[in-house]
Amino acid sequence: MIKKKIAIYPGTFDPITLGHINIVQKASEMFDEVVMAIAKDNYKETFFSLEERTQLCEEALIDIPNARAESFEGLVVDFAKKLGTNIMIRGLRAVSDFEYELQLALMNKKLSDEIETIFLVPRFDFLYLSSSMVRNIAAVGGDVETLVPKCVADALIQKRRGKGI
Amino acid sequence: MIKKKIAIYPGTFDPITLGHINIVQKASEMFDEVVMAIAKDNYKETFFSLEERTQLCEEALIDIPNARAESFEGLVVDFAKKLGTNIMIRGLRAVSDFEYELQLALMNKKLSDEIETIFLVPRFDFLYLSSSMVRNIAAVGGDVETLVPKCVADALIQKRRGKGI
Amino acid sequence: MIKKKIAIYPGTFDPITLGHINIVQKASEMFDEVVMAIAKDNYKETFFSLEERTQLCEEALIDIPNARAESFEGLVVDFAKKLGTNIMIRGLRAVSDFEYELQLALMNKKLSDEIETIFLVPRFDFLYLSSSMVRNIAAVGGDVETLVPKCVADALIQKRRGKGI
Amino acid sequence: MIKKKIAIYPGTFDPITLGHINIVQKASEMFDEVVMAIAKDNYKETFFSLEERTQLCEEALIDIPNARAESFEGLVVDFAKKLGTNIMIRGLRAVSDFEYELQLALMNKKLSDEIETIFLVPRFDFLYLSSSMVRNIAAVGGDVETLVPKCVADALIQKRRGKGI
Amino acid sequence: MIKKKIAIYPGTFDPITLGHINIVQKASEMFDEVVMAIAKDNYKETFFSLEERTQLCEEALIDIPNARAESFEGLVVDFAKKLGTNIMIRGLRAVSDFEYELQLALMNKKLSDEIETIFLVPRFDFLYLSSSMVRNIAAVGGDVETLVPKCVADALIQKRRGKGI
Amino acid sequence: MIKKKIAIYPGTFDPITLGHINIVQKASEMFDEVVMAIAKDNYKETFFSLEERTQLCEEALIDIPNARAESFEGLVVDFAKKLGTNIMIRGLRAVSDFEYELQLALMNKKLSDEIETIFLVPRFDFLYLSSSMVRNIAAVGGDVETLVPKCVADALIQKRRGKGI
């Protein structure tokens, strides 16, 4: 048991919410190191750029010493290998999440037999919180301060102003 | 019990279907007034414009005296407050509906503690009817007359001709 | 709109939980009167008898003036008719609830065309609370005081002692 | 029982996977003829064109003598009628599939009362395989050779090169 | 295509409903012969005995010439082999059905690699009809004549009288 | 990170299957120690007694050095505390599993704020394997050797003989 146990927590995090941070917090108490792995999105344009999303994660994790954020391209199983880990964390909130996650876990297993996905459930009041819901509320000028870290709330306001909405 | 009970029924209604009208009909028998609240869509382009969607709802509700349609921008909980109500109606047809609706209800509760969401199930034969399915069928020239009010069927034909499809 | 609007809230309530009371509270603000309709269970033995369940509901509703509890036998649609209402309340907590409830709503609709089922979601922290979970926790000596009204917590302790567990 | 039993298997097949081929294989043992019906997509741009998708299906079915691929426009129920069949095949992999499929089956039933949808489950290891997952993996340079027929794997590589990714 | 295609439709059928008959009807148009396979229940007592359930199925199928009912013990895959078929029919009504059915289909596949399960959806108005719901309604004296064949409605009344309920 | 990380894996395990063992195997690679916690069932009679279930688990875990089995009574959160851990393992196979598990995780969280539930998905071919399915197959004389460890297969045969089935 000498080898350090690293857990990778991949996602788009567009943007990171208090629910994501809660998952990192929990994982950071179970494993020696937690790496949020922010994915480049190849298909649909993200609201925040890869650089913005990574920087917001870094800022949001500042109080969790054994957690950090890193962006990646390509397959997540390859990035996990590069980090020297086979433990992948995913958050589960709802049944629809679960089915997609199961599909993903099985596909990753097929792509790399060693990978193990473990699922964590966020704290009760974050159970129904999602990045898209945050973007939707911010888009119509709603207050998201109880849903995201302060750096994200600020970034959303700035983005909105930039768009002249 | 002197205060008039108003129920707000928010949605995109792109376009309104016989299922939506059935929900309004039911709500109109339970509450003093029902207001369909047609949302401006900030993210994806809708098939019908906000004006078109609102007008089609108005036409479709003509036979329900205590129901009307109104478009809104911003958070639905703010629009509800403006109307002086805390009762929100949502239709439920399928499990996937339900999970999204639950998320929305909880988020709205977080945004405004007073709001109460009540769910109604449409009449049996409208249980699997959705606006997107109506658009899909119309797009390939299928007959939607048993699925939507006449004004919508006409609008879909006109839209299709306009596109020269 | 002169006729009083009564809502019937049927169930086994074995025993009534804070989640059920929360549903009654919400319904009592929407309708003129709410009647909890406690069903005689014809199939499986209940933990509390019909009399006990009814009495516990009555005690638990004491602070909601326009709500009361009444036991019934036979079809719930017939009991609704007897009360002169066609509005039935049901609580929704989870997807599995929903599917069963949808089936029930459609069946009741088939048995009596006039009946309308409306679904309410309990307060956030009661979302995952069920009578069976309460019974399970009480059975192993767990503390249920934050899950049920005081009269039910007392009744569970007494029942447990009576069994000499 | 003299009339030949034809089964139609409609979809976008963007691209065809080993899971789809497995479904065709099963259907081909139950019915006299199986026709993959490749739909023109009217809404969102597909990754492969209608012609490419149809050709890839044709190549992939080469070893199943009583199966073939054909593209179509318009309602699938009309295409089924044209082929002289009322039996439609759909693959089921997950709960979310099922709900959408049920909706589709009921809608098709409404559009054409004669149509019957039968659902088949693919082989165990293809249960969580989807066209979109294949496209996602290929987009980041992952190996899809165990997920799709060789002609599709080649086409995905070529497409990727063409895009200069 | 000389070999007769037999489809086996296994279940408890306690009792057979109009939904089950509708599934048999559909299957009888696709296959040369349909055999309802009524399972001995080893775990929980059924409402009707194996003999009663089988006889009620036989009576209910009288108008479908290529369908019949037969009781069986042991694994359904072994009974299918005995009948010389590998095609198993199952009805799907709801998401919860589907998940259990998928599990069963995969398990049967494990027990006998040749078996193929095909799923059929009953007619719209039978979508939410189940044997247990029929028993529940009958138990409280409700009218089940639109839910089951006449022979079952009669048997339910007789059973109820026999019990002196 | 000096404190040993223990994970508790509670359940009825009536009987333990290859799916359960697979979950323990995975957990044993992530944590320093894994304790299967076999619950006394207070409600329904189990097929195997608490002693039998515990002994079968012990035998089945013999090749995983840092895993062991222990029976418990009372709340699982109390047993976790006694073992000095707050990490609880649960296996997830299907959507219906997930919803129940989520409810349980939230309830345990309410009972003991420190407890953290992590979910693991078993190996692909054990995804649809359950104790009840094993019991069902064994009850009709089916072969369960590829589904459970040898000690369980033997115990099922012996049980069956004992019953004179």
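Quick notes on this one:
Here the chain labels run A, B, C, D, E and F in written order, and each chain numbers its own residues starting at 1.
We adopt the following convention: a contact is a pair of C-beta atoms (placed from the backbone, for glycine too) under 8 Å apart; a residue touches a chain by one contact, two chains touch by 3 or more.
Note that the structure is a prediction, hence the values are computed from the model and not measured.
Steps from chain B to chain E, minimised over paths through touching chains, total 1. Under the contact definition stated at the top, the chains bordering both chain B and chain F are A, C, D, E.
Of the chain pairs A-C, B-C or B-E, the one whose interface repeats that of A-F, sharing more than half of its contact pairs by residue number, is B-C.
Look at the CA centroids: the one farthest from the centroid of chain E belongs to A.
Mostly differing positions are employed by chain E and chain F in their mutual contact, as under half of the interface residue numbers are shared between these two copies. Put simply, chain A has to spin 180° for its C-alpha atoms to lie on chain C, with the angle rounded to a multiple of 5. Between chain D and chain E the centroid-to-centroid distance comes to 30 Å (mean Cα coordinates, whole Å).
Averaging C-alpha coordinates per chain places the centre of chain D 40 Å away from that of chain F.
Centres computed as Cα averages put chain C at a distance of 47 Å from chain D. Chain contacts: chain E has residues 95-96, 99, 102, 106, 124-125 touching two or more partner chains. Pairwise chain contacts in this structure: A-B, A-C, A-D, A-F, B-C, B-D, B-E, C-E, C-F, D-E, D-F, E-F. By the touch criterion stated above, chain E contacts chain D in their complex at residues 1, 5, 26, 29-30, 32, 87, 92, 95, 98-99, 102, 105-106, 109, 116-121, 124. For chain F in complex with chain E, the touching residues are 94-96, 125, 127-130, 133, 136-137, 139-143, 146-147. By the touch criterion given at the top, residues 95, 124-125 of chain F touch chain D in their complex. Put simply, chain F touches chain C in their complex at residues 42-43, 73-75, 95-96, 99-100, 102-103, 106-107, 110-111.
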